[in-house]
Amino acid sequence: MIKHRYRINNVILRTVAKLVSLIILTLAVYLFLAGHHSPGGGFVGGLVLASALVLLLIVFDIETVRKGIPVDFKKVAAFGALLSVGTGFGALIFGENFLSQAFDYFNLPFFGKTELTTVMIFEAGVALVVVGVVVTIILSISEDE
Amino acid sequence: METLVTILAGVLVTVATYLLLSKSLIRVVIGTAMLTHAAHLLIITVPGLKIGSVPILGEGDAGPVDALPQALILTSIVIGFAVTAVSLVLTYRTYQEIGTDKLDQLRGDQDE
Amino acid sequence: MTVDGTIEFIAALLMLSGAVMALLSAIGIMRFPDVYTRSHAGTKSSTLAVLLTLLGAFIHFASDQGFYSVRLLLGIVFVFLTAPVAGHVIIRAAYRANVKMSDTTIEDELKGVLQQVKQDAEADRTETGEIMSEDKKEELKHQEE
Amino acid sequence: MIEIMLTLALTLYGIAIAISVIRTIIGPSLPDRIVALDMIGVMLVSCIAIISVSYGTKAFLEVILILAILAFISTIAFSKYIERGTIIDSRRDD
Amino acid sequence: MNNLIAMPMMLPVLTAIILIFLRPYIKIQRTISLIVMIANIGISIYLLQLIQSNGILRLDFGGWEPPFGILFVADSFSVILVLTSSIVTAICLLYAFSSVEKSYEHMFFYSFINLLVAGVNGSFLTGDLFNLFVCFEIMLLASYILIAFGGKKGQLRESIKYVIINVISSWIFLVAIGYLYAVIGSLNLAHLSERIAEHGQTPIITVISIVFLTVFALKAGLFLYFWLPGSYSVPSTVVGALFGALLTKVGIYAMFRFFSLLFYHEPAITHTIIGVLAGLTLVGGSIGAVAYKDIRLVASYNVVIAVGFILVGLAVSTQSSLEGAVYYLVHDMIVKALLFLLVGTMIALTKETKLDQMSGLIRNYPLLGWMFFIVTLSLAGIPPLSGFIGKVLIGGGTLENGSYILLALAFISSIFVLYSLLRVFLSSFWGETIISKDEEIPMKKGLLIPCALLTIGSIALGLGAESLSVYIQDAAQVLVDPQLYIDAVLSSD
């Protein structure tokens, strides 16, 4: 009970942060998908995604965010790197040059004719690396007091 | 315009040199980061600043500018980011180990 | 002047008035006596400036290229949402950090409240042994001696 | 006509940013500086909108949002630092 | 198109990433790293054969043809170095298995070793100026972390120095790349070479070449070696051995590549400067090697002397001196790794670092002593050990060119190498034994076998020079005639 008398009242900030992080995450996804023919891509998308996580970390705290997103960000970064390098090795299976990418047009429901390419997987890997590395660095700097 | 930006890069190098020569380790780290950014500014300036449109498909009518320096800078920023992160961790470890971030207190015999 | 021309003129006018607004808020941030008043200039009027400018840009793109930019609208919403919160948070921090008010301030309504809350909390936490104020530590030292 | 108005608007924004920079430098207390920095960030957003209108390109519109996001996050981080001395708490304290 | 060329760099990268997931399983980590290094040895031997039959190979990443895309180029010179570095790393890994602490192994030690090797191999293979920078940085980032493994005060101090020096040299590198791109407008090495040859090496390009020389001199320890002895003597034995064997060699490789492929039109300026610097390095390294009593510092200054010696070969730039330099490069990578391993073993056994505080080690550890003796002879260039042929070829080259001062310096430095190492040998292996039979720490087989393997390697390199000479002549051929490289890269197949 005692704790509740001098709690730091952050209602305004926390409410807005929830909303704003939603906007930021949307932008991150948009940037990630737009990256093929216009500015954006995995790196920027990952950075924006990481900035949403950083906002949540600042406004809330490590414990809450950990509870909400129970992943090890080091593993996320490693997985992303694996994905990116993996697309390079994927080209070897098809007897192409290392790092060759393929693309084709598909008729998806709702989206219509869409260009899908293996670059997307590479970019997803980059995004995961960026998110993992940024959050790991920030957590490790702030964690040990 | 190129002259102005080059002077700006020079100013950045000056500031970075000042920071590198200071005693505090954290300032040195900031100095190294600034040094890298001065180089980025130089890379984009030296081949000539923008003559043409944005190098994106379907944007602008004139021929696009050379996008290579920007690609180089992006790569170099990532590397610089990693180096800065590593050196910050190193600084922090040193601070934990020795209890100071003053460079002159790091001095000592090989086998202390 | 055609209809399109008029609309573009209006768009440019909106942007120009946004710029005037920004200049006014800059003058405000220079001339006001303390943080609390400066933040009025820094958040309220500059938010208006941004809103006007982005709206102008939106109208321009809509009439000129027939392009209804969701990103600009999202930007307007974002700035509208975050600028007041940012102002609120800074000023809260400033007040808690005891930044001096200007001499012309007539009333500080929170003065008693904050003092009371702090005292209560300190008392509570000292009871539970959680934290201890510097004075208390001194006292305890003296008692031990 | 519109060109002139855009240039004028950019100039006014430039003056406003310059004034804010002065406030950032002299500002007697830390919150003063942060108020000014926040304002610079928000004004840069509008500057980019004007620049993209005058170039007639849509390529810069993402920058607007990203810059606004960064300005917001940095302001929050700064003010939390002033208020509590930490930026990221490890435990929830309420 | 030959995807195998990318493997010496990409396999270690992939391994480094996979090892992060296998953090708790040290046995698996060790096995995978070793298997990858052995695979690299196999791949590079195969590539060497392929280059003999097909000429210089190239791999365009993603199918982008040069000069637009990025690419890897494998000529004999680079593949020989890749082969040697893979062998050295594999043997050092063997040594690491029984010498590195468990806590390091849990902190991704093998991942960073793999990244280091990836950076080194990438620098050897890349045919693109900017990728060279990137690979350098990968290598350096891994080395920043490896040097600080352990976190002692001396290590932290030296690693801070090392990081700052390298950040500054990377900055100069970046500036130089910017200038070169501004002047010539390409980053592909072959394309750059062609354009410089077309327009002539104007004074501005010569100036840029000197900027590049500064960068690589800092990285390789050519004259600007002031940071080297400190940072190479603090890390753990294996890391020190890898640094001594690989890191400076990458700088030397870059210098060879640049001043034989790009900036070879004004040898009166550039090569003379390299010669002067190499001579000064020889003098400085010799003084350092005899001045210190800390055996790790003695070993580090021997690295400096070797750098000077190899670059004498570049400064002279005749067919035979270049052959000798390539040969000596291979020899030096193996022998320096061995030297650092032996020195580290001695320190681990006696817990002393000064040479006058150890003595009589040969009674306790005879094999170690004799291996140290062989290293001494090999480094000094006594036939039939591996150093001999390199020294003779470089010496012959200097004679052809009439650079007698360099010749004299090179051979006087050999005497200093012999003296400095014999001093270590005499004072720490002969004399009264300081370790009684009871206190004697048993020599682990895991420490001895890698050293023995490297010693055998050094002897084999000396005796089997004839069979290697085909590849080394081919490597020197490309260095002498850059047109071969340009044709191989810019031809569209």
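The first chain written gets the first letter, and so on, giving A, B, C, D and E; residue counts start at 1 in each chain.
FYI, a contact is a pair of C-beta atoms (placed from the backbone, for glycine too) under 8 Å apart; a residue touches a chain by one contact, two chains touch by 3 or more.
Treat the numbers as computed from the prediction; the structure is a model and nothing was measured.
Peer 1: Between chain A and chain D, which partner chains are common?
Peer 2: Intersection of chain A and chain D contact lists gives B, C.
Peer 1: Which chain has its C-alpha centre farthest away from the C-alpha centre of chain D?
Peer 2: Looking at centroid distances, E is the chain farthest away.
Peer 1: Is the C-beta contact count larger for C-D or for B-E?
Peer 2: C-D
Peer 1: Which chain, with its centre taken as the mean C-alpha position, is closest to the global C-alpha centre?
Peer 2: Taking the mean of all protein C-alpha atoms as reference, the closest chain is B.
Peer 1: Of the other chains, whose C-alpha centre is the longest way from the centre of chain B?
Peer 2: C
Peer 1: Can you check how far apart chain B and chain D are, centre to centre, with Cα atoms defining each centre and the answer in Å?
Peer 2: Averaging C-alpha atoms per chain gives centres 23 Å apart.
Peer 1: In whole angstrom, how far does the Cα centroid of chain D sit from the Cα centroid of chain E?
Peer 2: 49
Peer 1: If you average the CA atoms of chain A and of chain E, how far apart do the two points sit, in angstrom?
Peer 2: From the centre of chain A to the centre of chain E is 39 Å.
Peer 1: At what distance in angstrom does the C-alpha mean of chain C lie from that of chain A?
Peer 2: Spacing between the chain centres: roughly 29 Å.
Peer 1: If I count partner chains per residue in chain E, which residues reach a count of at least 2?
Peer 2: Not one residue of chain E touches more than one other chain, so the list is empty.
Peer 1: Two or more other chains in contact with one residue: find those residues in chain D.
Peer 2: 58-59, 62, 65, 69, 72, 76, 80, 83
Peer 1: Taking each residue of chain A in turn, which ones touch at least two of the other chains?
Peer 2: In chain A, the residues touching two or more other chains are 13, 20, 27, 38-39.
Peer 1: Check the chains against each other and report every pair that touches.
Peer 2: Pairs flagged as touching, ordered by label: A-B, A-C, A-D, A-E, B-D, B-E, C-D.
Peer 1: Under the definition above, what is the set of chain D residues touching chain B in their complex?
Peer 2: Touching chain B: residues 57-59 of chain D.
Peer 1: Spell out the part of chain D that touches chain C in their complex, as residue ranges.
Peer 2: Checking each residue of chain D against chain C gives 1-2, 5-6, 8-13, 15-17, 19-20, 22-23, 29-32, 34-36, 38-39, 42-43, 45-46, 49-50, 52-53, 56, 58, 61-62, 64-65, 68-69, 71-72, 75-76, 78-80, 82-83.
Peer 1: Please name which positions on chain B make contact with chain A in the complex.
Peer 2: Per the touch definition, chain B meets chain A at residues 56-58, 74, 78, 85, 88-89, 92.
Peer 1: Considering only the defined contacts, which chain C positions touch chain D in the complex?
Peer 2: These residues of chain C touch chain D: 8-9, 11-13, 15-16, 18-20, 22-23, 25-27, 29-30, 35, 38-39, 42-43, 46-47, 49-50, 53-54, 56-57, 60-61, 64-65, 67, 69, 71-72, 74-75, 78-79, 82-83, 85-87, 89-94, 96-97, 99-100.
Peer 1: Can you name the residues of chain B that touch chain D in the complex?
Peer 2: 53-54, 56, 59-60
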